[in-house]
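Quick one: structure below, then a few questions.
Note that the chains are named A, B, C, D and E in the order they appear, and that numbering of residues resets to 1 at the start of each chain.
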Amino acid sequence: MSALLRLYRRELALAWNGGGGPLLALGFYAAVTALAPLAIGPEPERLRVIAPGFAWIALALASLLSLDRLYERDFEDGALDLLALGPLPLEAVAAIKALAQWTAAGAPLALAAPFAATALGAPPALSGMVLATAAIGALAFAFVGGLGAALALGSRRGGLIIAVIVLPLITPPVIFGGGALSAFTGGLPWLSGFLALIAYALAAAALCPLFAAMACRTAVS
Amino acid sequence: MIVALEIETLAVRRGERRLFDDLSLTLAAGEALTLGGANGAGKTTLLRAIAGLIAPSAGTIGFAGVAGPLDPDDARRADLHLVGHLDALKTTRTAGDELAFQAAWCGGDAASAAAAAETLGLTRLLGLAVRQLSAGQRRRLALARLLAAPRKLWLLDEPLAPLDAAHRALLGELMARHLDGGGLIVAATHDPLPLPARRLDL
Amino acid sequence: MFAALANPHRFMAFSRWAAPLCGVIALALIVPGLWLGLTAPPDYQQGTTVRIMFIHVPAAWTSMFAYACLGGASFFSLVFRHALADAAAKAAAPLGAAFTLLALVTGSLWGRPEWGAWWVWDARLTSVLVLFLLFLGYMALRSAIDDETKGARNAAILALVGLINLPVIEFSVDWWNSLHQGESILRPGGPAIAPVFLIPLLLMGAGYLFAFGALWQVRTRAEVYRRRAISLEAQLALA
Amino acid sequence: MSALLRLYRRELALAWNGGGGPLLALGFYAAVTALAPLAIGPEPERLRVIAPGFAWIALALASLLSLDRLYERDFEDGALDLLALGPLPLEAVAAIKALAQWTAAGAPLALAAPFAATALGAPPALSGMVLATAAIGALAFAFVGGLGAALALGSRRGGLIIAVIVLPLITPPVIFGGGALSAFTGGLPWLSGFLALIAYALAAAALCPLFAAMACRTAVS
Amino acid sequence: MIVALEIETLAVRRGERRLFDDLSLTLAAGEALTLGGANGAGKTTLLRAIAGLIAPSAGTIGFAGVAGPLDPDDARRADLHLVGHLDALKTTRTAGDELAFQAAWCGGDAASAAAAAETLGLTRLLGLAVRQLSAGQRRRLALARLLAAPRKLWLLDEPLAPLDAAHRALLGELMARHLDGGGLIVAATHDPLPLPARRLDL
């Protein structure tokens, strides 16, 4: 138990840039949001339509960015052996890593998402929905991204594996969440998409650690 | 609690190469074994196989407790230390944080971690980032978990390499004490250990 | 100014009395400024909300001034390796960020009644947002690198690049907006120039600048003291 | 000269395997087009207006990926010392690294951008413009991104912090490129924006390596 | 071409710590110097300072050619090898690729790289990924650039550590040959070099 807590705290510390973690996430989100109108044009009617979808790209991208080296560092410096031999099974380690990632990056980003969407012109009434979908989506991204990072270990072409495996796996939640959002905006039935997102996140949380652990074992062997 | 290590007709292959087949040995409590042999002979591989990181292609690796054979996986998780070529330290964190984590991760507590740091002369350095430590200081930091979390079977890969004379002697002492306490040590090394030990050349 | 105060001792001696003095002047300017501002007649266009201007505009001015200070200090610390300049840069960043945030918040508070939106992607707004992000990046980078001197150098480089870039950003943002929508949101600049508004505005502007000066000196002094404490500690540890 | 070529080939191989290459472009293309219906909604006439800018912004974000590998690996495994002591000044090394990054990631993305834009409903006639803007913009992104990666050396966990440093600095090229694109679409004069983009890319290529080299020296010292 | 290394009243400080001040030494062609001293004494730091990576807080480091003093930066870029604690190898690339790059980067060519690999017994391994090499094999791969690109001044940090007996002897031979050819060697090490050398304890 104490070991578990310790690991979580360590992963958190590694994920947060010296405490600046959440602040950093906010800054990132603000910057990305600012880029959208700069590239597309400030006209509200233009922005409003992309607001939800764009909040999603930013979220997915942020997850990919911070997950890039989730396992690689531990692999390169030998810490992965230590983790593999520790009191917890590697499955738990993988789950904790993903959770810490979510805490450090996903959750703050999710908190920022409504502001981003509103700033882009989405109706403030959407905020709750955006927050919920973002938080759950970020969870899915964290677990799927963690799996990708583990799969890329030691392979000479790690990046490609990420591109081939993670992107397809990340697209469904993006579609579910974004779909639910735009349906909600359009006053259409949105619940199904939302539930699908939750289901996907739960499935990812349940399955990804298993495969990630397998990947880690192969990497250290 | 591990009191004996039993390896029978072990065979390990890497890619096309078979490093060793039909390797058998037993190590009892209080015994130390040094692994010798040329670079690439398979010392590290053997240590990792004993630790369960590498699956042998044939043969068995068993751990015996006072009451007969133990479940290998439990025995490894509970009572085995592996200190490999790499120090398993995050260069951006402080030495103190890393030691605290490794100790807790292996089942030790803050007090034992502090004691270990004291013994290895690291106390003054705990505030520095690992990146700022010298090679030998890092190595000592990696070795500190041996003392911070007492376990019976030590697997050491080149434990002496970057240590200065004084600390090589100190490590020898610590290993001797560990053996007296009924511990087991398997150490891969190119220079002789400063304590009586059986030698196996791969 | 920098050259004269490059010597830490001279700076400490100078700022011992200069900092409080600036603070007093700031108060002496801001209090009447606020009074005049709040008692100013409601603007015929904007009604009473125009009073936000007296908080907002000086904040915006000061934020830009603060970045100039950050860039200058970073330049000196990078080129001449002035420890004091570095301390000044480190001290300036959070202040600048705070003033920028104030401009952003008051601005969007103002935007709500004026434009019916908390935020619009107007050139000026966007450039201020980017400015805020530059401050943020500086602080984040500085805090993320554990070796303090190295973090200082890299952060200084970032501030310098940002300084070079700031005009480009401003220009590009303006250009972008004018290109996309010729009739961008018109500012009520006209009425704002009436003396009843102008005088308090100028008072407040000057007051903000002095306040920034005072806080900057205080924070720099604190940083200098912190470093002295650290080196003393180290000497004790080695002795 | 041969050393320079060698370094370029090495960096190319590392960047290519570390997430660059055609598959990244493919993933980017897939992601953008998959997001299109969500982000822009059903009405194609809206779509057409936003398409180029949307592809453009996605490109800018995609070029942030795998930036934290650029210098950090070399720093962690000691190769940066070797590069610092080599026959070329570190400035040249930094420039080559950025160029290789562009070749491996930027160029494929630029090649994919027209398809993405067209898939979003942009008139195929726009493709050439999109390609040109994307290629040049990616160059600017690579150099500024390289600077960010160098500045982040020695920081805990690259990832987001690099993005937060880099995003404000790539605001101008994003604006110029996006502006040129939508001006071109709207039949407005676009040349000025395009030239400004080129100018910024050149300036970045000239200045960023200098500062990046400074940061590397600080890191190895 | 470096024929002498001259260090005068050198002082280096890390953080608050001053590692050494007022260190002076000169090394002439054909001479070897081994740096001794406890962990953290400053051996690595001194080597990196000589290589120009760390700026000294006082004192000078000079290189002399046959025709008098050389420009330090040129001399370093042209005629100095630093093999540090880390092997500077990319674990995901093949040994062959890495050797080829390092050789070319230091001014060698394919032929010399192949010869170096042959001398150090790496030829059979060039097809493997660096990650698959053993510690000693990696070290040899890192040392190979000394032979692939001939330079006068070698700065070696713990060159012997992970090498087996045979290769330690071989390295000693190679170093001796380098000295006979008018080379200079500064090596930080905890175990004695297998060749006559002046010793400086930090």
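Simple rule for what comes next: a residue touches a chain if its C-beta (ideal position, glycine included) is under 8 Å from a C-beta of that chain, and two chains touch if they have at least 3 such contacts.
Because the structure is a prediction, the values reported are computed rather than measured.
Common neighbours of chain B and chain E under the contact rule above are A, C, D. The chain with its Cα centre farthest from the Cα centre of chain B is C.
With centres taken as mean Cα positions, chain E sits 45 Å from chain A.
In terms of their C-alpha centroids, the spacing between chain A and chain C amounts to 34 Å. Distance between chain centres (mean CA atoms), chain C to chain D: 31 Å. Averaged Cα coordinates give chain C a centre that lies 50 Å from the centre of chain E. Counting partner chains per residue, chain C has residues 130, 133, 136-137, 140, 144, 146-147, 173, 176, 180, 237 touching two or more of them. Looking at chain B, residues 85, 91-93, 131-132 sit in touch with two or more other chains.
Across the assembly, chain D contributes 17, 76-77, 154-157, 161, 164, 167-168, 171, 175, 178, 182, 221 as residues in contact with two or more other chains. Taken as a contact graph, the chains are fully connected, with every chain touching every other chain.
By the touch rule above, chain B contacts chain E in their complex via residues 14-15, 37-41, 43-44, 85, 125, 128, 132-137, 140, 157-158, 161-168, 190-191.
Residues of chain E touching chain A in their complex: 91-93, 129, 131.
On the chain D side of its complex with chain E, the touching residues are 2-3, 6-7, 9-10, 13-14, 17, 73, 77-79, 81-87, 220-221. Interface residues of chain A, counted against chain D in their complex, comprise 13-18, 20, 24-25, 27-28, 31-32, 34-36, 38-41, 46, 49-50, 52-54, 56-58, 60-62, 64-66, 68-69, 76-77, 105, 156-160, 162-164, 167, 171, 174-175, 178-179, 181-182, 186. Residue ranges on chain A touching chain C, taken from their complex, read 17-20, 23-24, 27, 30-31, 34, 37-38, 41-44, 47, 118-119, 121.
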